[in-house]
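I'd like to ask you about the structure that follows.
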Amino acid sequence: MRWLMRRLAHAALLLFGVSALSFLFLEMAPGDYLSEMRLDPQIAPETLAALRQRHGLDDPLPVKYGRWLASAARGDFGHSFAYNMPAAPLVWTRARNTLVLTITAALLSWLAAVPLGLWFAARRGGWVDRSGAAATALLLAIPDLLLALALLMFAVRTRALPAGGMVTPGAGGLLDLAAHMVLPVAALVLGGLPLLVRHVRAAVVEVLDAPFIRAARAHGIPPLRLLWRHALPAAANPLVSLFGLSIGTLLSASLLIEVVMGWPGLGPLLVEAIMARDLFVVIDGVLFSAVFLIAGNLLADVLLYVADPRIRTA
Amino acid sequence: MQALDGVDLEIPRGATLALVGESGSGKSTLALCLAGLEAPDCGEITAGGPVQLVFQDAAGSLNPRMRAADLVAEPLVVRRCPNARLRALELMEQVGLAAHRAGDLPHRFSGGQRQRLALARALALEPALLILDETLSGLDLSVQGQIMNLLFDLQRSRGLTYLLISHDLRLAARVASEIAVMHAGRIVERGAPLDLLADPRHPHTRALVAAIPELPCAG
Amino acid sequence: MWRIREFVPRKAAVAALALLGAVHAAVLLAGYLAPYHPAEQDRRYPYAPPGIAGCEERACPVRWFVRDDEGRLHLFGVDAPARIFVLGSDQYGRDQFSRLLHGGRISLAAGLLAAALSLGAGWVAGALAGYRGGRLDAAVMRASEFFLALPWLYLLFALRAFLPLDVAPERALLFLAAVIGLAGWARPARLVRGVALSAKERGYVVAARGFGASHAHILRRHVLPQTMAVALTQATLLVPQYILAEVTLSFLGLGVGEPVPSWGNMLAALSHYHVLVSYWWMAAPALAMVPVFLGYLSLAGVLLESRESAP
C-alpha cells in the first residue's frame, strides 16, 4: 500500500512538471491565438484588449501558471479560444473517443499477439515460425500512414465500411459505432501487432529453455498445457512491463490514425489547436495524453506486483 | 558497521605475509585500502614503495576486448612511459607467457594463464608490495604449483614483498613466512605457519585449523 | 538447419546494407536520375497516370542521357512537348517520380540528422550520468522522465507547437531535424546510462583505477566502447522512426512546406478522398518508405542478435 501511495505521488509530481514545462514552452512561443485574430479587420482592437485582460494573457509566466493551477484545482482547466468554451470538457470528450479506440485496439492486439507468439515459440525454427517472422518483419516495415491510407482506400472502393468519422449523422447505436471503429482499430492493431508478437515469442522462447520446463516435459505434461500453464505465467513478467510501454506507442499511433481517418479524438484536436495557437487546449490535450500514459504504466506496475510474487517480497 | 577495526599490520621487506580468514572477515576490504582503492576512515598507510593489487577475479579484472599486450601495457600507457609495449612483452615473458600470445584476447587464455597476465600487469609499475587477493585459489593443484613457483622466483629476483589473502589456511602455510588470522575486522592471531598450525591459540584459528581436511598418508 | 540460422544474420545484414545503399544513392543522385525539376509544373496534364503524356501516335521514344534546357544531364527523358511521368503527375502536372527522388532527400536527411542529434545528446548525457553518478545522474534521470512521460508523437507535436508555425522551406529541414532529434534524446540516454553504470562496476575498471588511470582514460578505453553496441542499435531503430516523424509532420502541414517536396507533404494530397481513390500513384512516397524501413529494421535485428551472442 505504501508503495502504491509513493507511485501515485510520483505520478502527480510528474504531471506537475509536465504542465509547468508546457506552460514554459508555450510562453516562449511567438504569438498566441489572439495575435492571429489581430489580423482580422472586423474585430476591434478594444475587444481584443479586453479579451487579453480577461484571460490574463499578458501576465507574467508564474502568475499565469499559478492561476491555471488554482483554477485546475477547481476543475477549470482554461478556456478554448477557437471553440469559445471551457477547454476541459472539450478535451475530455475527445479524449474519451481516443480511449475507446486505444483500449479496444490494445485488447485486440494482445488477444492476438499472445496465442501467435506462443505458437511461433512452440514451433520455433520450423516453417511456421520462419514465415511468421517474415510476415512480422514485413508488417513492421509498413508505416502506419500507409496502412491507414490502404485501409481507407479499401473501404471507399468496396463501400463495405464507413470510411472515416465516428458516427453516421442521424443514425446511432452500438452497431454503427462498431462499424466506424473497424478501420481505425484495424490500422492500430496491424501497426502494433508485429512488435508484440515478437516480444511474446522472445519471452516464451527464453522460458522454454529453462530447466523447469524440461523437467515438466520429461514428466509427460502435454505440450499445450505446458505452454499455457507453465511457460506463459513464467514469461508474464517482461510481458506485463511491455504492456505498460505499449500504451505509449498505441497513443502515438492513434494520433496519426485519428487524423487520417477523421476519428474525433485527441489527435485532430491537438493538431487544430496547434495551428490555431489555442493555448489551453494544447496544454490540456498534452496533459491528458500524459495522464493516460502514466496511468497505463501504473496499471502495468500494479499487475506486475500482483502477478509476480518475487516482486512483493523484494 | 565497520569492516575493519583497529588493524595494525607490519610486513618485513621481502617476506610473504598471509592474511587468512573466512568471508566477511574484512580481508578484501583491507586489501582495497592498502591498494589505495578505498580510503580508510582513520588510520595511516605507509608503504616503502608502490603497492599493486592482483584481483581475486583475474578474468573480471581484464577487459575482454583488449589484447593481452595492451592489457599488460596499460598502466605504463596511462603514465605515458616510453616503450610501454616493449616492456609489456618483457613482462609477459617473465611470467611465463609466450610473446606470440601478445595479440590474443583474454578468453583465449586458461585460468592460470589469466592469473599470469594479471600478475604481469601488476608488475608493470614495479611495485614494492604486491597484494595477492585469493590469487592461488580456484586453480588446479598442478597449475597452483606452477604459479607458486613463479611467485617465489619473482620475489627473489625483484625483492618483492607479498601480502597473500586467502581463506585457505593450508595453502597459506605452504606459501607464507608468516600468517595473520583475521576475524570480524580484527587481527586475532599472528605467527609462523608451523607454530600456528601446531598450537593455535585463538578460538577462530583453532576453528580454521580444524577445518583442514585430513588426508590419509600415501602408502 | 542450425548452420543456416547462423548464416542468416550475416546475409541479412549484407542485404539490408545493399538495399539501404541503393535507396540512399538513388536519392543522392536525384538531380541526375529525375527527368524534371521537382517544382516544374505542367498544367496540361493534371493527375496524369504513369506513362508518357502528350504522345498520340506512340512515337515518343525514351531517350537516354538527355540534357535539359539549362544543360544539366539526366538519365532519361522524352522529346518535348511530351512528358514522361514514371509515377504519374499531381494536380499541377508535376512529375511524381522526380518529386519522389528529391523529396526522399529531405525525408531521409531529416531522419538521419535527427537520429544523429538524439544519439549524440543521449550518448553524452547517458555516459556521463552513468559513470559519474551522484547528482548529475539524478538530474539526467529526472529530465529524461519528463520526456518519457508523454507519448512520443504527442511530445513531438507539443514541441512543434511551441515553435513558430511558418518556417522558411529551405530551413525547414534543419529546423525539423532539431525538433525531432531533441524530442527523442531520453531513451538512448537511459540505455547508454545503463551500460555505463554496469561498466563502471566491472573488475577491469576498478583495476584501472588501481594503477592510476584518469577518469577520462577509463571512459575512453573501457566504458565508451561498451556503449557503442547499444548506440548503434538505437541508431538503426531511430532513423526509420524519425523519417516517419518528418513525414507525419509534413503531412499535417507542420513540417516542410511547399514548394519543397518531402514524402510527407506529397502524401498530403491523399487526405482528399477523391485523390486517394482515383489516383493511386500518389501513394508512391508511402510505398517508398517500406524498403527503407525494411533495411533499417533488418539491420537493427542483426545488431541485436549479434549483441546477444557476444561475450
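Structural remarks
Lettered A, B and C in written order, each chain numbered from 1.
To be clear about the criterion, a residue touches a chain if its C-beta (ideal position, glycine included) is under 8 Å from a C-beta of that chain, and two chains touch if they have at least 3 such contacts.
Nothing here was measured: the structure is a model prediction, and the numbers come from that model.
The touch graph of the protein chains shown is a line. Across A-C and B-C, the chain pair carrying more C-beta contacts is A-C.
Distance from the chain B centre to the chain C centre is 54 Å, each centre being the mean of its Cα atoms.
The distance from the centre of chain A to the centre of chain C, each centre being the mean of the chain's C-alpha atoms, comes to 24 Å. Within the complex formed with chain C, the residues of chain A that make contact are 14-15, 17-18, 21-22, 25-26, 28-31, 125, 137-138, 140-146, 149, 152-153, 156-157, 163, 247-249, 251-253, 255-256, 259-260, 270-271, 273-275, 277, 282, 285-286, 289-290, 292-294.
The touching residues of chain B, counted against chain C in their complex, run 35-37, 52-53, 55, 57, 59-66, 74-75, 78-79, 107, 118, 121, 124-125. Interface residues of chain C facing chain B in the complex, by the touch rule stated above, are 202-204, 206-214, 217, 221-222, 225, 311. The touching residues of chain C, when paired with chain A in their complex, are 1, 5, 145-146, 149-154, 157-165, 244, 247-248, 251-254, 267, 270-271, 273, 276-277, 280, 283, 286-287, 289-291, 293-294, 297-298, 301.
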